Structure formats: structure tokens, C-alpha cells
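Chain IDs A, B, C and D follow the sequence of writing; residue 1 opens each chain.
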Amino acid sequence: MGDIAYKKEELMVIEASKHINDGEIVFTGIGLPVVAVTLAQKTHAPNVTVVVESGVVGPQLKLAPLSIADSKIMRRAARLGSLREVLACILQRGMVDVGFIGGAQIDQYANLNSTVIGDYYKPKVRFPGSGGANPIASHAKRLLIITPHQKRRFVKKCDYITSPGYIDGPYGRKNAGLRMWNPSITVITDLCVMDIDSASGKLQLAKLMPDVTIEQVVENTSFELIIPPKVDVVDLPTETELNLIRKEIDPEGIYFSNKQN
Amino acid sequence: MNSKIMTASEAVERFIFDGASVGFSGQNVVGAPMAITHEIIRQKKKNLTLLGCNLSLPADILIGAGLVRKCEWGTCNIGYRGIPSMGYSARKYYQEGKLEIEDYEHLGMVSRFLAGEMGLPFMPVMSSLGSDILKYKAPSTEKKFEIIENPWNPGEKVLLMPAATPDVAIVHVQRADEMGDAIMEGFTATIPELVRASKKVIVSCEEIISSEETRNYPEMTTIPYIYVDAVVEQPWGSHPTATYRYYDCDVEHLRMYQECAEAALKEGKSGMQKYQDYLQEYVLSCDTFNDYLEKIGGVKKLMELKQRMREVI
Amino acid sequence: MGDIAYKKEELMVIEASKHINDGEIVFTGIGLPVVAVTLAQKTHAPNVTVVVESGVVGPQLKLAPLSIADSKIMRRAARLGSLREVLACILQRGMVDVGFIGGAQIDQYANLNSTVIGDYYKPKVRFPGSGGANPIASHAKRLLIITPHQKRRFVKKCDYITSPGYIDGPYGRKNAGLRMWNPSITVITDLCVMDIDSASGKLQLAKLMPDVTIEQVVENTSFELIIPPKVDVVDLPTETELNLIRKEIDPEGIYFSNKQN
Amino acid sequence: MNSKIMTASEAVERFIFDGASVGFSGQNVVGAPMAITHEIIRQKKKNLTLLGCNLSLPADILIGAGLVRKCEWGTCNIGYRGIPSMGYSARKYYQEGKLEIEDYEHLGMVSRFLAGEMGLPFMPVMSSLGSDILKYKAPSTEKKFEIIENPWNPGEKVLLMPAATPDVAIVHVQRADEMGDAIMEGFTATIPELVRASKKVIVSCEEIISSEETRNYPEMTTIPYIYVDAVVEQPWGSHPTATYRYYDCDVEHLRMYQECAEAALKEGKSGMQKYQDYLQEYVLSCDTFNDYLEKIGGVKKLMELKQRMREVI
């Protein structure tokens, strides 16, 4: 543990922000992703353009919005237009560098499920469905997934693939007809960072969160996670990063639980 | 030209019918046409098919009122600060086998409206591929999609999605004139395509303005009158969702709604009574949407929401 | 001849205006058509909606514009939008009741040519091409053609079909895949009014202009025009109609030659 | 963000190359990007392919300058009060076999840009069918179109047209900020689709305004900066065509241009000299578009055109 106390979600957001480069176009969803992209803008990537599915291009975010339809997300945008303009004329056209997605289940090929748990027609639980997640997963050059690491969430096979990862193998996307057939995918959890093993199209461990062991990760994952010989540890947050989150981006602490790491 | 101004009650009576397919404006907690939605519940128009990208609250309350047969949506997401995203009535009815859902994703769904508004039978789409959105058809659908080879790049797959042309579109906007020229502020989401794809259109608005005013700067008119059949003036007409630049969403009321819907899902008979009580108190016992606005807190609450929007933008 | 002196084009425009009903959506081109629709608005059809390909919906025309892109045509429109909005979301969607078109050649099936005279690759004369004419001819419920009646213009077969009439017979449009497969087509010339004989898909004489004989029409037509047993004569213009054209719609006399009938 | 403001000369040097495919704004006598067009002639960028619905004057003068290999258009129409509609240089070069034309119609052409802007390989179109637009392919084109059966209505034909994605789009608008957010007034014709379908975009504008101003009401921004590579400020930059709400077209100059082009077509060597003299006087001998504006009548003429627009609208 470092000298500075921080919450798990704070470090997840800080790690995510480092995957965003200056000048890129980032497709943001609600919650932690919008904190991550705002943090990136306030640190190393001031010229990032945020796009939001409802039709917002390039807002100048001050406080983190609470929903993709929150009026705050329209703040001083370059364009307030339509969903088609964003999902078709920016995303499907191939202009989005980084897209954030999530789901109730994620499997070994990084497929995501936000539709049903159980049988599709007689589910145990019904969720809202795709929204913009499927098109983001289909068309963004790089995908970022920020999610809690729980055994019931990291499943061998999703009950329903809402947003495609590598589907069923390294050429799964190509076979399905997706143009962006080999995107980089990064999964950031409270235990570790994962990415895609290009040979198998499966998730592999990339980095551990500070003070987390490989065993802990394996215990909390239902599928067989690929473990490379050498695994780095995520950097501890800096005071600057934490201050930006706490004082500028989310002063009300809306996005962060009270649990400290 | 003849004025299209009428009350919510007249508009629903004239243009919504049992079994109609109805498209809705609204994204999560912004821009849902709640005044017209309440009126549909009061008039008990049933066996409806609802269409939209994010159907959110209007779908959930119509489902909870037992009026919906089927939804074709990208999502039904009401999520906001501490409020669960899934509409609980939708969850309840689907899980209990009382609701048919055709799942799409937002790009596929807006592409269907795009085909509809342009008089085309289908639209090519490059998402949905490889997902279970294509695997699971809704029981009623003969052909949810078609995959063809790109004639200009043999070997490349292209998904075709069929046009969607709802019987009626219901949208809430900031301003409209009596002929139906409507001005939207903020993002327009799927409104332009949805409206132009639909056979009839009901526009509810915060304010009616004169045609003199709309025609001064026609670049700003989002929907020209040729698509519009009814204009309903209802200030705070999208409450408890927000209307951009006018008022913020009412988080407290939204939470209360979702609590009632959650109770109906989880607490059996007493929970279902709780939801029925909500409908009775806030919809069925109200003659008009103004009565509802009194009940949710009246002038004081409305001014507070107005003020909150000012702080947000 | 009537008591009031009038120009041939004036009567053609007046006749055309009578084919427009109140409340209809009319797709207008440049020249005489815009005079005809404005006249209809000022007489029996005040609630006509004019649409123009460049993106104009429902302008309140005062003076006749000189081009579809003349700024005058935007006057107090209901919507100033895009070409796609008009050609796809209004015209192709099937909302246009009446469309005006024209061309350098018109043949017996009312096909129009505004592309080339002679061979396509080595033409005698090259014209501008379709513009919006082809989509109007494809999708409007009724078509109006105002044109001078000349033998070289009324040909047996167009050198190039830019805008389809009935193509090659009563089912020509259906076979080609056009949804609006049996539109009404009315051709108004300085000699007569023609429409479509539904059995053959060919042009037939409908009415004669005042003081014109069937022989004159036949002499000036290169194809065999169908002549029904009884042919009416077009009404003479009223003073009101002429005054509207001369004083309100085209006070500068831009559209009308000095030849009097 | 970095400013994208540059001179017309810099913009053409950086983004137009020999053999490029270039799309243009402009409908007949409104909104043609003449300042950038003149600069292309001065820099002699050649073997160009031009794309647009109505290519009008920019195409005709580039063809007359001998810089165009091919056009893909709906029309080339300059017609106005006594001015013949067909561009005479286009007619001359085509009739003499020196220019390739792929004829489309406006709906087909804008559908091609629509496919391009949405990242789709093709767009369904329900016009062109039965016409010779489908009969005559341009010599260079492998597959101008494809006709398939409607999967949702067997027996119905649907035409597919391939996406158009020009290397560069050149458009003239009223106002833009230094990042490239551009505001168009009046009809937008094909500008939205053309710009979003193109790989690079040069925006010339009457006025540069601040981002503070564009971001006050982002609903009015026609083109957001993400599509834009160069912003060129050039008042009266569309002369002799009009810029809506700014100035009317210059009928006298347009007529003079068409007379020179007609002479080149009809009067042999002396006529061709006349056209060359026009190019020399009004384009080649000018360092910048401001020099041209002096030659066509200077301040007095420009104020007259401004006044004419006021009378028109």
C-alpha cells in the first residue's frame, strides 16, 4: 500500500485514464468512464474529444454527469445533434479511438452481457439491453471495460452476448463480419488489469493492482485466465490525480464508495 | 393553415388506437413525453407495441399499467444517481412472460427509423454482427434481419435491418407553432428519424410560439409541420424527466416511481398494490397533467427544478 | 380568341395551376412551375406546401424565384434543411403529390431527356443531366410537364431517358421496380394538354389550347399521338388570373416572352 | 486545441493533390467555394475527380482550366436569369471527349454520400430505376450499382448505390471558429453528408468567430470540428455565387463567365483565347481572392451585392 489512502475505484479510474491519448476521440458511457476521460483531459490528454450516444460532440465537462442523458453532459459542446450523427457518422464510420463498455457478465473472450441472466425467453433476471454498448464494442478501435471483479461476473460463457469481445476465438469477430476485427481490449477491475492474448482471443492477466496476488485474481474468476510469466503491478495513484478526482471532477463523491483500499 | 393545437386528451383519442405501434422520444431522464403517456393510461389504449432506442420511463409505466404487448428497443434505461437503470415494470412483465421484447441496439434501431423516414425497405448496418441480438428473434418476427455479401467487396458481410414505421410518434420538445413546426434544444437523439418515419405525429411542447417566430430562422426548426398532426402545449410536460434549458429531472420522484415498480416485482401482492396506488394517485385520479403537477409538489417544486437546470448548464 | 390578350406561357401556367389541389405537397423546379404553384396558392389552393430540392420546405413565396437555389426561394420557409431531407424524407418517402419536371426531349411514353442529344459517349449536345428530375419522376404521385410544343422536342424515343415516364408501356415502371408505378402525367404545351392512355402507357391528346387544331398538334409531334374521339378546349384565362401573374407573381415579366397569342 | 486557420493557398497546398477526388458545396448560383477553387487553378492541381450533386461553377471553371479528369454528378447547372444552365466548359470538354462523366441523379448521389458518412459500403435507393442512368456506365467504373430483391417483399427490386468518400471536401459557409466548428445558414443542400463522408475537409467562411460563440448554442453548428482540417476566412468567398443572408449572386459576372465559356465551345481558337483571357485576368494573375474581388468591381460592387441580398430576403 502506498502512503496515500485511496479507494479501489479511484485507482481503476486513474489506470483507465492512462489508456487515453491526447487528441483522441473517446466514446463515453455513464459512471466511472466519464470520470476517467475527464481525468485524462485534466492531465496528459487535454485535446481529447468526448462523444456521447445521445448526440453530443466535444462537450467541455466540468462536473461528472450522472447519466448519458444528464443535461450536464451537453455543457458547451461543439455540436448538439442526433444519435445517428454520433453512432453512425462518427462511430460506425470508424472515427472513435476508445470506447467504454460494461455488463453484468464478462466471459473469457471479453464478450459482455447486459441483457439477461439465464434463458433469454425465461430469464432469471432481465437487464436493460444493449443501448449503445453493442455498436461501441463493434466499431471502436480500443475498448476499455471498468468493472468490479466478482466470480459471478467473470463467467466462462455469457448467457447472452450483448456486446462482442472476441466472440469465440482470435478470428471470431472477423468471421462474424465485424470490420474492426482485432481491437485492443483492456479490462480494469479492483484486482487487476487484463488484455487480450492475440493467439487465442482470450483474456490474459496484464497487471495486478497493488497488494493483490495472482491467486486472488484466479479465485475470483470463473474461467481459466491466461497468466503470463511476468506480471507488473499498477502504479499507485499520485496526490495530483486523487485531488483532481476528489476536488474537481467528483467533489460530491457520487461515483466512489466509502470503502478505502 | 388550420391550427393543430389540441389537448392531450383529444390528441390521444384521435391518434392512438388499441394495437397501435408507438414511438417515443426520451433518453433516460431527459425529454420523455410524460403528459401524453399519462393520457394514454387514462384512456386505457391497449395491446400497444412500443418502439424506440431508449424507451425509459414512458415504456415502463405503460408496461406497468398493463397496456403493452411488445417492445422493440435498444434499451429501457431509467438509470440516474442511485436509481437502478432497468425499468422494473419492464423487468417484471418480461420475467413473468407477459411482455414480448425484440432486442436491438441503438445503431440498429435508429437505422431502422432512418430507412423508414427515407421510404426505404431496409438499411445496412455494420453492428449487431456476432452478437446474440441476431441469434434471438422475437417469437412474432418472421425475419428480423438479412445478411448479404457486399457487392463492392466480395466476402464482406453486410447486415440489413428492416425499416420501422410506427403508427404514431409521440415527442416532447421545447417549442412549437400552431401548425406543428417544432424546435428542439439540446441533443435530438432519435427524434428527427422517428418523427419522419411515423405515420402520425403528436408533438407536446413547453410553449407554443407563433409561426412568425419559427419562420424567422427556419434552420432551427427540427421538425417541419408537414409531419405533425397534433400540437399539445403542456409546460413541465416531460416531468419527472428533464427538458433541456427548461427544468431538470425530478430525482426524488423518479426514485419513488422505481421503488413502487420494484415493490411490484419483488413484494408480491402488497407490492403490486403499491404500484397500483402510484398509478391511481399520480395518473388515474388526475383529470389532466396539471393535476399531476400539483400532486408532485406544485409550483414550489417546479421552480426548484427550473433552478436546478440553471445550475447544471 | 378571347377578349383578353394573353401570352401562351400565361395560359400554360394557368392550366398547370388547376392541376394542383389545396393542401397538397408540390415539388417545384425553376421557371414556369414556380409561377404555376404560386398562382394556385393565390387562387384555389392557399394551403399548398412547396418543397424544393436544395432543402427548402414550405416557403412563403412572394416573387417568383429565378432558380431553385435563388435565395428568394427560402423566404419564410417552415424549414431550411438539406437536400436529403427533401429528396429522401419527403419525396422518396412518397409524400409529394405533384412534381414538375421537364427536358430537352419528351417521347411517346412521356420519358424525358435532359442529358444528351445523340450518342451518350459522343453526343451532339450535352445537357446538365438529371439533378432532381429523375427522383421527382420516380416518386411523385402526379407529374406536370410544362413545355413548348416543337417537333424536335416531341420525339418517338428519347436519346437518353433521364426521367422515366411510362418507359416502354403500361407496366414499364412496374417492371423497372418503381413503386409509384402508375402516376398521372400531364403535359401542358402551347398547343395542347396531353395525358397518359392507361391501356398503352402512351401520351394522348386531352385538350386543345384555344384556336389550335388537332392537325397543328399532330404536325408538331414526331410520334403518333393518341387522339380520342372528343377533345375539349382549355378555358381562356380570366382577368383575375392574368392580373395575379402580371402584378403579383412576376411583375418584372421575367418568365414570359413578349409574344401574344 | 490547435487553430486550423490558414490561407487558401496553404489549405490547397496541404490537402489537394494531383489525382485527388474532390467534393464541392454549392447549388447553382449559391454557396460555391470560389476562393478555394481559384487557388486550385493557380496551383494547377490536376487529374482531379469532382463529386457533387450540383457541381455548377466550381466544376465548370476547373474543367475549363484543364484540371479535371472525371465528374460524378447529379448535374452541372449554372442556370439563372438569362444564363444558360449547362456549364459550357463541361459541355465543351465532354463533347470533345476530354472529360469523363458519371451521371447520377441528386437522390442517388446524396445517398452515396450518406453511405460514406455512415461507414456503410452502399445505400439503397428507389430512384434511377428504369432510367438510362443505370444503362450507361462510365468507362472507368467496374460496378456502378447493384439491384437486389427486397428480403422483406420478395419480387420488389431495390437499387444499391456504392458509398462515395471523396479525398477532400471543399465547402463555403457563413461562419466558423478556429477549430473548424462551422455554421451554415439557409439550406444546407448536400454539405452535411458530403463533409462527413470526406477524408479531409476545407471550410472557407465569410467570418471567423470565437469558440465561445459557437459553443453558446451548439444546436446551430452544422459541422463539428472533428471533421475539419482547414479553416480559411474569405469574405465574399463564394463570389460570383451568393452566400445566403450575406450577399446575392453577381448575375453580370456569371453571364460574362458563361459568355467566355460559350465562346471557347463555339468560336474555335479565338473563343478559346477569350476563355483563357478570363482565367488569366480573374484567376491566374491574382495573388489572392482579394485581388479578384478588386477586379470584379471592388468595394462598390460588393456593397451592391450585399444590398441586393437584403432586398431578396
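In this text, a residue touches a chain if its C-beta (ideal position, glycine included) is under 8 Å from a C-beta of that chain, and two chains touch if they have at least 3 such contacts.
No experiment lies behind these values; they were computed from the predicted model shown.
*Asks:* Comparing the two chain pairs, does B-C have more C-beta contacts than C-D, or is it the other way round?
*Replies:* Of C-D and B-C, it is C-D that has more C-beta pairs in contact.
*Asks:* Suppose chain centres are the mean of their C-alpha atoms. Which chain sits farthest from subunit C?
*Replies:* A
*Asks:* In whole angstrom, what separates the CA-based centres of subunit B and subunit C?
*Replies:* Computed value for the inter-centroid distance: 42 Å.
*Asks:* Centroid of subunit A to centroid of subunit C, CA atoms only: how many Å?
*Replies:* 58
*Asks:* Measuring centre to centre with CA averages, how many angstrom lie between subunit C and subunit D?
*Replies:* That pair's centroid distance is 28 Å.
*Asks:* Residue numbers in subunit D touching 2 or more other chains?
*Replies:* Within subunit D, the residues that touch at least two other chains are 119-120, 125-126, 156, 158, 185-186, 219.
*Asks:* Give the residues of subunit C that touch two or more other chains, as numbers and ranges in rising order.
*Replies:* 74, 80-81, 84, 88, 92, 139
*Asks:* Should the pattern of chain-chain touching be classed as line, ring, star, complete or other?
*Replies:* other
*Asks:* Please give all chain pairs that are in touch with each other.
*Replies:* A-B, A-D, B-C, B-D, C-D
*Asks:* With touch defined as at the start, can you tell me which subunit C residues reach subunit B in the complex?
*Replies:* Its residues touching subunit B are 25, 47, 49, 57-58, 60, 74, 76-81, 84, 88-90, 92-95, 139.
*Asks:* In their shared complex, at which residues does subunit D touch subunit A?
*Replies:* Interface residues on subunit D, with respect to subunit A: 1-2, 117-120, 179, 181, 196, 214-215, 218-219, 221, 224-226.
*Asks:* Spell out the part of subunit A that touches subunit B in their complex, as residue ranges.
*Replies:* Touch residues, subunit A against subunit B: 30, 52-56, 66-72, 74-75, 80-84, 87-88, 91-92, 115, 120-135, 138-139, 160-164, 167, 172-173, 175-179, 254.
*Asks:* Under the stated contact criterion, what part of subunit D meets subunit C in this complex?
*Replies:* 27-31, 53-54, 73-77, 79-81, 85-87, 90-91, 94-95, 97, 101, 103-108, 110-111, 114, 125-133, 135-136, 147, 156-159, 185-193, 242, 244, 248, 309, 312-313
*Asks:* Of all residues in subunit D, which touch subunit B in the complex?
*Replies:* Residues in contact with subunit B: 115, 119-126, 143, 146, 148, 150-153, 156, 158, 160, 162, 184-186, 219-220.
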